[in-house]
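Before I ask anything, here is the structure I am working with.
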Amino acid sequence: MADKLLPDAQSALAGLTFDGMVVMSGGFGLCGIPENLILALRESGVKGITVISNNAGVDGFGLGLLLETRQIAKMVSSYVGENKEFERQYLSGELQLEFNPQGTLAERIRAGGAGIAGFYTKTGVGTLVAEGKETRSFHGEDYVLETGLVADLSIVKAWKGDAEGNLVYRKTARNFNPMMATAGKICIAEVEEIVPVGALDPDQIHTPGIFVDRIVKGSFEKRIEQRTVRKREAA
Amino acid sequence: MADKLLPDAQSALAGLTFDGMVVMSGGFGLCGIPENLILALRESGVKGITVISNNAGVDGFGLGLLLETRQIAKMVSSYVGENKEFERQYLSGELQLEFNPQGTLAERIRAGGAGIAGFYTKTGVGTLVAEGKETRSFHGEDYVLETGLVADLSIVKAWKGDAEGNLVYRKTARNFNPMMATAGKICIAEVEEIVPVGALDPDQIHTPGIFVDRIVKGSFEKRIEQRTVRKREAA
Amino acid sequence: MPWTRDQLAQRAARELRDGFYVNLGIGIPTLVANYIPDDMEVTLQSENGMLGMGPFPYDDEIDPDLINAGKQTITALPKSSFFSSADSFAMIRGGHIALSILGAMEVSERGDLANWMVPGKMVKGMGGAMDLVAGVKRVVIVMEHTARDGAPKLLHACSLPLTGVRVVDLVITDLGVFEIDKAGDRPMALIELADGVSLDEIRAKTEAAFEPRLRQAA
Amino acid sequence: MPWTRDQLAQRAARELRDGFYVNLGIGIPTLVANYIPDDMEVTLQSENGMLGMGPFPYDDEIDPDLINAGKQTITALPKSSFFSSADSFAMIRGGHIALSILGAMEVSERGDLANWMVPGKMVKGMGGAMDLVAGVKRVVIVMEHTARDGAPKLLHACSLPLTGVRVVDLVITDLGVFEIDKAGDRPMALIELADGVSLDEIRAKTEAAFEPRLRQAA
């Protein structure tokens, strides 16, 4: 079989980028983001990207790097947080923005990967989010129709992976990564560790290899957005 | 907290049964079925049950036991296999039957547990399954509207579980159990082993405890429907 | 005396029940975790994919892979489990969370909630708030009774874009506690007053119609 | 000479490609696993929740928790993974499986398939067949050319209740191989004949309209 395992993020991305493409990028805040593939996207010079990602990174890190270079034309997100460059581009009209409720975003991505064209959710009924969408009553309650989302490429970050593309995530770094892995026409995964095929317990694989086209070992800064600690009481 | 851990299937079921109730029962064929809770349902004498289960057991085992006692009024399944008592009751009109495509059944249960009232799938478009249901085109392809399913009670079988209700399944005995655990107003799980809270890796819990109201250690026959082997070549 | 932030959190904690699965919003709601009674087991859900949130870590326990929905570093507990965002919101939307405690900009007398967007200002997004109010069984709002300029926040109808329609069950402000019959027709009721706050004061600072149905504070 | 069951499976195996994820139906399709070329990596999906199905177990390896969609005991491989039925059909419905090989009662010249129900007979159910034909990228049917009573099974239009509309790409019978342009307008084409089977014989046994576009069998 064509080997899924590639030496680095640049070679993993080779031949897959084109201007105007739609990219799903995993992570919540800066937690579990595909740091290496974001850098490779930046180096590729691809322009006019629509990025589907729960958040938009911060100035100088994560997706903030692609905002800096103005490679992103549109974001589909639930919360864009504190990002000055984002705010500047958005307010000047350079950057388009589509907000989705976080659960609706997660479900739309799952639906896209699962062949579900649309689904009815209570989330957003009677709000701006439901404007222009069908609302329908089931069992006396109103629901709004949301559609599945797919992407030309999804880039995800996992903890461990093998050459078959089987992936395991760690703690809350899982977040949007598993659904995005299913909803890209092509999915590239970056992992902290490549393990031999057979080393992962088959009952415990979060993303089966069928969803992963290319896999690469990355190196990770894992920047923390809100370092919050408690003090140890004196012994 | 009220203890979720109960001594046996009978006490786990106490107070939860009523005639005409809807029960989801996990398993695929005889693999991963809640053997102990099915027996307890039989002993409870509850009547007129609608059972949502991919299959209907076999004569004398699994759901076949509840067919024998005529406690089931209706089955919602994808395949009912070889079950003479089932066939007799169905052909005589004693038993109602609703067939769902297996993937539609799985997704309807997931939807029910996930607050999704309905979803559009390509499965069954243009067939008997789509009759009386809305069909709608998305991106030039036809999809049929299917609705979420919920139950008064779901009974599931897992491998290991803890007193918080966290569950782990084993191999293909997982099947319908995880979705059903989410779609019952009450969910009872039976497991092969109760482990201390903290013994299960939090990254590897298939069903988080929030979905499980009661948990019980069972004893299992694990009958095999199609014992199929290959011969070892002579050394 | 109006309630302090900590008193608000303390009052909100009285909505907890043993065995509850709860989602706490950012700000004052987060403080509620400090007031869970010792004899009560409450499990905190974090919508970025965790059940069983523990306290903030000690400095040497920090793990960048372990954060809450406010992006703060946190810890796990023996009972914890992790899951995807899709599974997390399936849990929320599916009605499996008993209680959510959230902040608000405006609440209407019918239980409408606005807490994500001020037109003309840079909008950060609704995050998971719309999913929480649509899916969680009981929604409790904790907020200052009036805006900084003194304008009432409890209104006949919200003026800001909504987060949800008829979703709020209880509003705890620094002046008192209001009950809303979100699914029915009973008018909003004032059920508690902060110590030393008069009915007249609260009437003057509230646009929403309400009827006093004061009960003894516990 | 019409092809035997094993020859049918062998011919169907020629539709496999290196790296393919494949779902095999019950009956002759299951035999296809015996003819996967050694230099090809093909991963078998089982819709009850498994990727990377291995061979049948030796007698002392039998595990009741490890079965295929035909409820037969099987084994796992180092690359295997297990998942729920919802995740399994998300994989199928979402178009992630490259190829499904299934049996049939009837196939129409436009690619309609009937393989689950005979009115008046006890119906066992469609299982996962409707999901497979709706979701898998390429659907190959393997079947006897005619019914036991000699009635044609390749028809202008199916007479039995359908499993899917315009879903079949290729039909392999014991007499030959037919290609169907399920998404377009080209007529069904006969592209291969079994050794010693004449065009006249196949015409006589086929109701469906087709044009011969015979190519050299590999």
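Per-chain numbering from 1; labels A, B, C and D assigned in written order.
Methods note: contacts are C-beta pairs under 8 Å (C-beta built on N, C-alpha and C of every residue); 3 or more make two chains touch, one makes a residue touch a chain.
The structure displayed is predicted, hence computed values, not measured ones.
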When A-C and A-D are ranked by contacting C-beta pairs, first place goes to A-C
Top of the farthest list for subunit A, CA-centroid basis, is D
Chain-centre distance (mean CA atoms) for subunit B and subunit D, in whole Å, is 28
Rounded to the nearest Å, the gap between Cα centres of subunit A and subunit D is 36
Whole-angstrom distance, CA centroid of subunit A to CA centroid of subunit B, is 32
Where subunit B touches two or more other chains at once, the residues are 107, 110, 114-116, 121-122, 169-171, 174, 202-203
By the touch definition above, subunit D meets two or more other chains at residues 76, 82-83, 89-90, 92-93, 134-135
Chain pairs that touch, by label, are A-B, A-C, A-D, B-C, B-D
Listed in rising order, the residues of subunit A that touch subunit D in the complex are 1-2, 110, 112-116, 162, 164, 166, 182, 197-198, 200, 202-203, 205, 208-211
Touching subunit B in the complex, subunit C uses residues 18-19, 21, 40-41, 43, 45, 51-52, 76, 78-83, 89-97, 134-135
Subunit C contacts subunit A in the complex at 46-50, 55-59, 62-68, 70-74, 76, 82-86, 88-90, 92-93, 117, 122-131, 134-135, 161-165
Interface with subunit C, subunit A side, in the complex: residues 28-32, 54, 77-81, 87, 90-91, 99, 101-104, 106-107, 109-110, 121-129, 159, 169-179, 206, 222-232
Subunit A contacts subunit B in the complex at 107, 111, 114-122, 136, 138-139, 141, 143, 147, 168-171, 174, 201-204
